[in-house]
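Only one structure is covered here, and it is reproduced in the block below.
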Amino acid sequence: MVNLGIKIHELDFKNPVLTASGTCGFGEEIADFIDLSLLGGIVVKGTTLKHREGNTYPRMAETPSGMLNAVGLQNKGADNFIFNIYPRIKDLDTHIIVNVNGSTIEDYVALTERLNELDKIPAIELNISCPNVKEGGMAFGISCRSAEAVVKAVRKVYDKTLIVKLSPNVTNIAEIAKAVEGQGADSVSLINTLLGMAVNAETRKPVLSTITGGLSGPAIKPIALRMVWQVYNAVKIPVIGMGGIMNATDALEFMISGASAIQVGTAIFIDPTIPVQIIDGISAYMERHKIQSVNDLIGSLQC
Amino acid sequence: MVNLGIKIHELDFKNPVLTASGTCGFGEEIADFIDLSLLGGIVVKGTTLKHREGNTYPRMAETPSGMLNAVGLQNKGADNFIFNIYPRIKDLDTHIIVNVNGSTIEDYVALTERLNELDKIPAIELNISCPNVKEGGMAFGISCRSAEAVVKAVRKVYDKTLIVKLSPNVTNIAEIAKAVEGQGADSVSLINTLLGMAVNAETRKPVLSTITGGLSGPAIKPIALRMVWQVYNAVKIPVIGMGGIMNATDALEFMISGASAIQVGTAIFIDPTIPVQIIDGISAYMERHKIQSVNDLIGSLQC
Amino acid sequence: MRKTVIDFLLLDNKQLNKDNFLLKLRSPIPVPELFPGQFINVLIKDASEIFLRRPFSILDVDFNKQIISILVKILGRGSKKLTEAKEGETINAIVPLGKSFSLPEKSDRILLIGGGSGVAPMLFLSKICGLAPSNVSVLIGARSISDHIDISAYQAYGQFHFTTEDGTLGEKGFVTNHPVFTEKLENYNKIYTCGPNQMMKAIGKVAIEKGIFCEVSLENMMACGFGVCLCCVEDTKTGHKCVCTDGPVFNVNDLKW
Amino acid sequence: MRKTVIDFLLLDNKQLNKDNFLLKLRSPIPVPELFPGQFINVLIKDASEIFLRRPFSILDVDFNKQIISILVKILGRGSKKLTEAKEGETINAIVPLGKSFSLPEKSDRILLIGGGSGVAPMLFLSKICGLAPSNVSVLIGARSISDHIDISAYQAYGQFHFTTEDGTLGEKGFVTNHPVFTEKLENYNKIYTCGPNQMMKAIGKVAIEKGIFCEVSLENMMACGFGVCLCCVEDTKTGHKCVCTDGPVFNVNDLKW
């Protein structure tokens, strides 16, 4: 039996496979397909302090080996999460991580304070990289200074595991990672979607209501892998990798490049059983290669 | 008959379809497949002052809807171009544009000075965005200050059409475009490849000898489109768009988003007749939509 | 039943006319109870430019033989590729998805209006609604007779009426020009419709005006089909609703039409 | 002739053993003169994870019937997909590509060594070299008898020898363990080889030592196949050379082996 357990900061995960925010709802939506307790963790849909309707339809465009989305953080807000959702999912035998969003630093802090009180939420993922909102979101994640400011403020009020989700839409992602590490982030996760666009040549109109949207799926995997490797080489805190992971081989590539854990996003839309297939595939790979602990894979790239 | 002619600065092109640097050699390599005089222009392989061997094999990795390359500007240098190649291609009935590269500003300037003397080279494309060289290349293209410096120096010695090729590996490509416009660039072309990486999970080694390489092909089209649109809205000089164009519809999407001309790159590897198919496809589209001049398409996005 | 990813066997792929194909998919496991308006989300394999699944309404179900039928109209690359699948191939699909039309009550007199590929759930509904055929009218619109599919297998379940834009079958014009709609609407207390949004909006407007119960099955671009991506929203009177889970069937009164 | 993108008709797709298939492609236009070592670059259509073409050596040509044959060994996704193509399908390929082996002179005694799918150009060369069969030896290596392909169509062109790693056909071991190579190499003044690089390197080393003329056809990852991408380089004594245009055939003396 191989050992799949990994650690992010002080938090033990039964395996390195998590589902990515915005792609698995609150977990419940995919419970028909898989036994959620098999997962290393579930990062729930991006949450804001107040209810958000998100952007106007159309919010989606298919692209070569990927898709653009412009959901814009539609969610029912903190109260709904805390009073309606949390009681239903808190006892799932897997880590529930909340993806925290805000338009201002005060928003991030206020939401974090409320989540800090929930016993069964052992970690938050601070999303400073959403490309689909007019205020906040990615704006915080594309400069060291603003990233530092929001992480610093949130760190003050949060004593559990703080993961910061980075934007790939930057010149130097390693610098941003180092900046948030410097403010006490326990881990960084990357990448969020790349800013992209789709046009309908027949109507000469943008496909998305917001003109631009976030690109995800296999198309972005080479970029995500490169960024994980750059960030792994720049920081000491664990890196959570994602971007186009469709199968165990993809997941292994991320771990070999330096990811301590990985998240499965868009792949869930194609087949919600993929996260469990990946867990099995990593086990099979380790057995084949006689690797005892998945930790031995992390950053094992020979170059 | 529709009118396909466009203008970049003071240079008239018979149509907006060019071949991209590094993907069509010096034109001659694809002359078996197509009548080169049908093309709007040919941007020849990245050239440096001195001969370069380029990077070690392997230099290529296939990725979902795309590929990574790490050629590293292999070329035989300025003398070879001027004395061996130029005489052979100078009388082709299409614009020959040289893609100019250097490790230092002095390199760029010295090469440009030599090209300035060639009658039949009406334009150069200043490549400040090659991700596959250790010195120079992309380093110049990822900050406004260095981009300005190289464009300023080259502008001084070049009096024909100066196109600057931008890197997509930046936080704000519109800013860089504005910076080079400010230094007298006559046009910007974008995007060069996105920095990516491929890993062989079985051997736990990078696929490329250089670990990272440049991502091209349809996978990057949504990002390229978005950048073309952002730059078109930021500068007054004409924009030349590229990145994943595989057919006329893709080309039209770029023109509608603001490109005055487009370049076909990786698609040539799949089928070297694609540039000509695109020219025909644009004509057919214009006839169908009763558009007289291709100029009416440029930036015609309705949002 | 639980939503499940199933590898179906393609039992039969029959071309009905130029653009429409009838696909019969056999499930290796018992098929769930399925109702009109629900759909399956099909993986289009080995297609170089297709990444996401494609949704298709359920046309019919044979519980004993574990067969689900769908009607596929060629619209673009994905539907084209699917119609090229050969018998014996595996078709991977997620089932069951979405909320169905509400089933009529015994006393109802219903008008089912299908346009284009929207006929599938209408035919299914005519078959399982349990009403006397005299209380079920099915109005089907198409561009031309060559776009119409053979509905003889459903003929016994109701009274069928046709329109074509070129007049080659039934009344000339749109479904909203047909006498059952323009003159005899008071014969029905419920309207169910599926087809192009424009057609459904025209129908919905009249239904709202006349106060007739009306359910529509919305067209939409979906990424997941099971409620996780939030891409498929319709802006309803109570905010953004997911067409794939809160719909695709909505009562017109809930929409901002 | 000019390099051309051609839509071939797949006339025949025959499985030779577990992993090897013989594909016959008919050209709608006259096929060019083609020589052993040259290759075609095949578009693998409708495969979701394949973007670039795949190169395959020419096994044989029928100029009258305009047919090019290739031998395809299943290695990964692209080759697998290609072997699944059905007769009557269109196969798009670019042809002719690369430089061929140099043809032997009348007085030559040649040894052709093929490993794995590298047998294709060796069989082609045996057929068209124009030498007396007694002056042509063909040594073919494979893992096991089940990996060997039937070479009877070429038997008349030379003397055939086999090795298998498990000894199930011919000598047990690698081609470099076979007596024609270990003991009788002086019988030949030219060696031609195509197969895994490791095999060719072992052969090349001996050829260089013994001063025997030796040409090898290099394995390589190609993006374009016609000399524009510069991805396929081999680091030769005179610098980086493109395997697709300067090769795939090289004289071992030019390589840094």
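Letters A, B, C and D mark the chains in the order given here, with residues in each chain numbered from 1 onward.
In the analysis below, a residue touches a chain if its C-beta (ideal position, glycine included) is under 8 Å from a C-beta of that chain, and two chains touch if they have at least 3 such contacts.
Because the structure is predicted, anything quoted here is derived from the model rather than measured.
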State the remaining connectivity among chains, in groups separated by ' | ', when chain A is set aside.
one piece
Sort the other chains by how far their Cα centres are from that of chain D and give me the top one.
C
Dist(centroid_CA(chain B), centroid_CA(chain D)) in Å evaluates to 36
Averaging only over C-alpha atoms, locate the centres of chain A and chain B and give their separation in whole Å.
34
Chain centres from averaged Cα atoms put chain A and chain D apart, in whole Å, by 47
How far is the middle of chain C from the middle of chain D, if each middle is the mean of its Cα atoms, in Å?
54
Return the residues of chain A touching two or more other chains; collapse runs of consecutive numbers into ranges.
61, 63-66, 217-218
Would you please write down the residue numbers of chain D that are in contact with two or more other chains?
50
If we count contacts the way the header does, which residues on chain D are in touch with chain C in the complex?
45-48, 50, 81
Chain C partner contacts - residues on chain A that touch it in the complex:
22-25, 29-30, 32-33, 45, 53-54, 56-67, 69, 71, 74, 217-218, 266, 268-273
Chain B partner, complex, touching residues on chain A are 61, 63-66, 68, 142-143, 169-171, 194-199, 201, 203-206, 211-212, 215, 217-223, 225-226, 229, 244, 249, 252-253, 256-257, 285, 300-303
Within their complex, chain C touches chain A through residues 2-5, 43, 49-53, 92, 94, 221-235, 239-240
